[in-house]
Amino acid sequence: MADAAMVNAPDVKQDLSRSRARGRRLVDAVATLLLWSAASIVVGLLLLFVAYLFYKGASVVDWHFLTGNPTAAQAGGGIGPFIYNSFYILLLTLAFTIPIAVSAGMYLQEYASRGRFRQIVQFSAESLATVPSIVMGLFGLLVFVEAFHWHFTALGGALTLTLLNLPAMMRVTQESLAGVPATYREASMALGGTKWQTIVRAILPSAIGPLTTGVVLIAGRIFGETAALIFTAGASVSYGRSAYDPSVWHTAETLSVALYQTHREALVPDADRIGNGAALVLLVMVLLFNIVARVAGRRLSRRLTGKST
Amino acid sequence: MVGFRASRAHRDERIALAILMACSAIFVVAIALILGFLAINGTKLFFQDHVSPLAFLFGTTWDGFGGHYGALPFIVGSLVATGFAILVGGPLGVAIGVFFSELAPARIAAVFKPAIEVLVGIPSIVYGWLGLTLLVPALGAITHTNGDGLLAAGIVLSIMILPTVISLSEDALRVVPNALREGSASLGATRWETISRVLVPAASSGIAVAVILGIARAIGETLAIQLVLGNAPVLPKSLLSPASALTSEIIIDMGDAPDGSPFRHALFSMAFLLLLIAMALIILIRLALRKRT
Amino acid sequence: MLTTARFAAVLVAAALSAPAAAFADTNISAAGSTALQPLVTAAAGEYQAKHPDTKISVTGGGSRTGLGLVASKAVDLGDSDILAQNQPNLIDHRVAVIGFAIVTNPDVGVKNLSKKQIQDIFSGSAKNWKDVGGKDEQITVINRPASSGTRAVFMKTLMGGANLDQATLTEDATGTVVQKVKQTAGSVSYAAFSGTRNQSGITEVSIDGAAPTDANIQSGKYPYWSYEHVYTNGQPSKQASDFIGFLKNNKGLLQKTGYIPVGDMKVTENDR
Amino acid sequence: MVEAKTQLDVKMKVVDLDVFYGSFQAMKNANLDVPDRRVMALIGPSGCGKSTFLRALNRMHDLTAGARVEGNVTLDGVDIYAADIDPVTVRHRIGMVFQRPNPFPKSIFENVVYGPKIHGERNRKRLLERAEKSLRAAALWDEVKDRLNRSALDLSGGQQQRLCIARVLAVEPEVILMDEPASALDPIATSKIEDLISELKKQYTVIIVTHSMQQAARISDFTSFFLLGELVEVGTTSEIFTRPKDKRTEDYITGRYG
């Protein structure tokens, strides 16, 4: 960087000439304007998306739509079982993801020094993070659906999503733990705490705010995942009584898969209506997850630290 | 009076460590299994069905039941759509990263940043739905075509990679020491000159990582582009003619490709190719970061 | 930590016990053809209303997936638009006849096409509607992917050995095809009755003067149709056989969902 | 070489202590006897190694990657660096108070009983007793008894530091190490901490690092002077401040080093 600064140095004298200085100031102003517009355009796009989805979907979404059963071939179906399946798979996925990823994050952040094992785990996590979700879906198909003979199940879908989200959850854990001041560690150790006691009783509680925020944001991603589920959790629900099946072995078409599938098959004449409604519900869920993540993270930090700021 | 002997807490410590290491090992096992399963299933086309890898990589005819497994149209489709996304979304994302790191007043950032976080969270299927119902008809009206094709896919991907590129390039710029900003300003440089000649070069490896992760996100994206590509399994004639990509073709054909058939094996070869590209990008990132140190 | 251990245990137990457990609580499972799925799904709903203790799970996945799953005994019923090849264990139950239509955007204005004209359009030699007796408007062909059963039947019954031009819009399911035809001026494609019957904004074209109606299919005047098959691996269980019978003989449901009862056919496939 | 009075029991004994950070030697060949139930002050200019020395006494260097300790440190005649010794129990017996108050982001009560809890005490009543006893000993009880469930982070800096001392006392250690405990505090809070230290020596052995010679003179019975990673001289506080034996000590006392 020193080089770049040096390159600028000889300019200083010449720049005393007025016109040149004005030119440079103009460039600066134009660049500033462009950067402002770039940012505004993207925020504008978001507003456009939100407005459009509300415009198309608002008239569709009502209580009957949210809780009703989908129909096989007539108009007027709802998305109740899809929402149920989305939350079912979400909770199942979190139940697998959180213990594994938080444990691994704790290990890497608090225990592992620069050992070989640490490097291998870190590299594996990075690699896992870039596996495209469709490829992960095919892996789930090979293993859970075919090798284990599970067929399309909520469990297979949840395990596939677990693989997909482990790296992000681990990262969130690492970052949350890294944000805890080193003094807490020292204090606990100096009181005769073992490393494990220090992590569980002093560090983890102090990291709970950012950790919660991270978990909720990842939950939002899980909720909207589609490609990895089509070939693992399946793209259909059982109709009638068993649409709200509590078993992990049930075929579980989630809301996002339903948006894709309803449009694709268009067995019902009002596939567009259902698509617009489902897209709006997904968007609102994402907005909710974002708001909850912020509020819950802040609240939890405050409650646990008791600090009244 | 406490003695020095190892306590019960100490035993718990060892158990805990063992469990933590086991959980960490899951990551290693998982990626190994994924690579293994896809390598085996992705090469059956070559070893079991005796289709030459060259015919797969460079063949232009795709007919799963007719014995033609040329994946070049999809490889080209994936690369062009991703390339378009990087050319548009890359610079735009870096520019917005610069905006947040160097320009944005706190009050503006407080509104804009959450907006961008929402953009990350929108499911890809919703992006696809927006592309299908908003973008494609609009493009069709403007260009007097159907609107489907690589242009539509490229635009959708550009928007989808923005949040990744923005937040990572902003991070990269934030870690540039303030001394460089002050040094440049004290030599009489304007803010833009400081940004373009000092800060962006200083953050170049971080920005490179941001862009590479953008590529990774774009190349693996499936549903959002399947809905807008037009899905013709042929080499695209232009950005506005129907095309297909590796990911979208897999989702289209997988359900109907018979178990054990070369057709299905070819789809797994495409998935394996995607995985190899992803791994290559990870190695690129490592190289970019090594350069920094 | 205990929770982690417990999850690990659940995982291992699940992997070991799954093959037995997977469908222990489901009496009948069906998977396969998306063309047949609406019928099976609707029938499953009605059947369950009458037999509340029976639980039926219906999955799509495509004809060939259905055949694979039933061959490996992963499901009880494999739904298919196509005939199973070289699988002596599989027993074919013809449950319905499904008709398909050539559909165009209404702006095209063509009401009838000959087989030859259809072949010209889909092989790419006719590029403009005026080449086949319409107005001066570019033809936009929309295809189904090679893996589609609808396309397979289309090739067999109408294309007569001519090659398909692949460089066209391709939509991978009936619904998207219909939607795309509605949206796109000058477009033409093919789709199952179950996807076209309840739709407005598309035109169904007659083939060689025969309109795409149930009556014309039953009498053999209209060529573009096929049987829908449900396959079982060996003889079906009593429950499964009962359900197949319900599926096949429920005329009201068949007509409502756009299928033709097998019993109403006056011709067989060989008469085409 | 050490001049601790013979009638006093030796609580800790340091023999030929070396500390390395990687290849850098931060402490050279230090020897020291620490008498029981007295206050030992460690003084010297910044970077002289006094904190390094202190942290070697409860094996805190174990937590720093690349740090290495050689030599002998004994507590009641037992080598705390011996292979079969658990560093966790060492720290249980030798508590430490840090430069900046570092209460956990928990309630006052939870902070004080943190140690007892991790050492296995579950009984709520006994924990309360222990908390009160420790807070009284740390001269904080009267100020916080009505708000034990409030966050420790709401206390003032001086209160936080006394809370940290109470937290150490609750573990019932024998030796308390203090690393410039008053350096981040205002004069009034500082004098409260100093009073507290004088009180503590009735029960505990206190070793305190300070950069203030006045403080060392006010509160300690013995003083050791460190310079450039060496322990230069040890003696009673009055000896060190009135007639140091080493020229370097004299130069420091008279203000010749910063």
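Structural remarks
Labels A, B, C and D are assigned to the chains in the order they are written; within every chain, residues are numbered from 1.
Operating definition for what follows: a residue touches a chain if its C-beta (ideal position, glycine included) is under 8 Å from a C-beta of that chain, and two chains touch if they have at least 3 such contacts.
Keep in mind it's a predicted model, so treat the numbers as computed, not measured.
Closest to the protein's overall CA centre, chain by chain, comes A.
For the pairs A-D and A-C, the count of C-beta pairs in contact is higher at A-C.
Our note on geometry: chain A versus chain D, Cα centroid distance of 47 Å, whole angstroms. A straight line joining the Cα centres of chain A and chain C is 36 Å long.
We define each chain's centre as the mean of its Cα atoms; on that basis chain A and chain B are separated by 15 Å.
Centre-to-centre, using mean CA coordinates, chain C is 81 Å away from chain D.
The residues of chain C that reach two or more other chains are 1, 4, 34, 60-61, 72, 172, listed in rising order. Contact with two or more other chains is made by residues 99-100, 103, 194, 197, 263 of chain A. Shared interface positions of chain D, i.e. residues touching 2 or more other chains, are given as 88-89, 92-93, 118-119. Residues of chain A that touch chain B in their complex: 1, 4-5, 7-9, 11-12, 15, 24-25, 27-28, 31-32, 34-36, 38-39, 42-43, 45-46, 49, 52-53, 56, 99-101, 103-104, 106-108, 111-112, 117, 120-121, 123-128, 130-136, 138-139, 141-143, 163, 166-167, 170, 194-197, 217, 220-221, 223-227, 230-231, 256-257, 259-260, 263, 275-276, 279, 282-283, 286-287, 289-290, 294. Within the complex, the chain A residues that touch chain C are 72-75, 95-96, 99-100, 103, 148-153, 155, 159, 234-236, 238-242, 247-251, 261-269, 271-272. Residues of chain A that touch chain D in their complex: 113, 181, 183-194, 197, 201-202, 205-206, 304-308. Within the complex, the chain D residues that touch chain A are 58, 60, 63, 65, 88-89, 91-93, 95-96, 98, 100, 102-107, 114-115, 117-119, 149-154, 164, 167-168, 171. Per the touch definition, chain B reaches chain A in the complex via residues 9-10, 12-13, 16-17, 19-28, 30-34, 37-38, 41, 92, 95-96, 98-100, 103-104, 111-112, 114-119, 121-126, 128-130, 132-134, 159, 162, 166, 180, 183-184, 187-193, 195-198, 201-202, 213, 216, 219-223, 227, 247, 250-251, 254-255, 268, 271, 274-275, 278-279, 281-282, 285.
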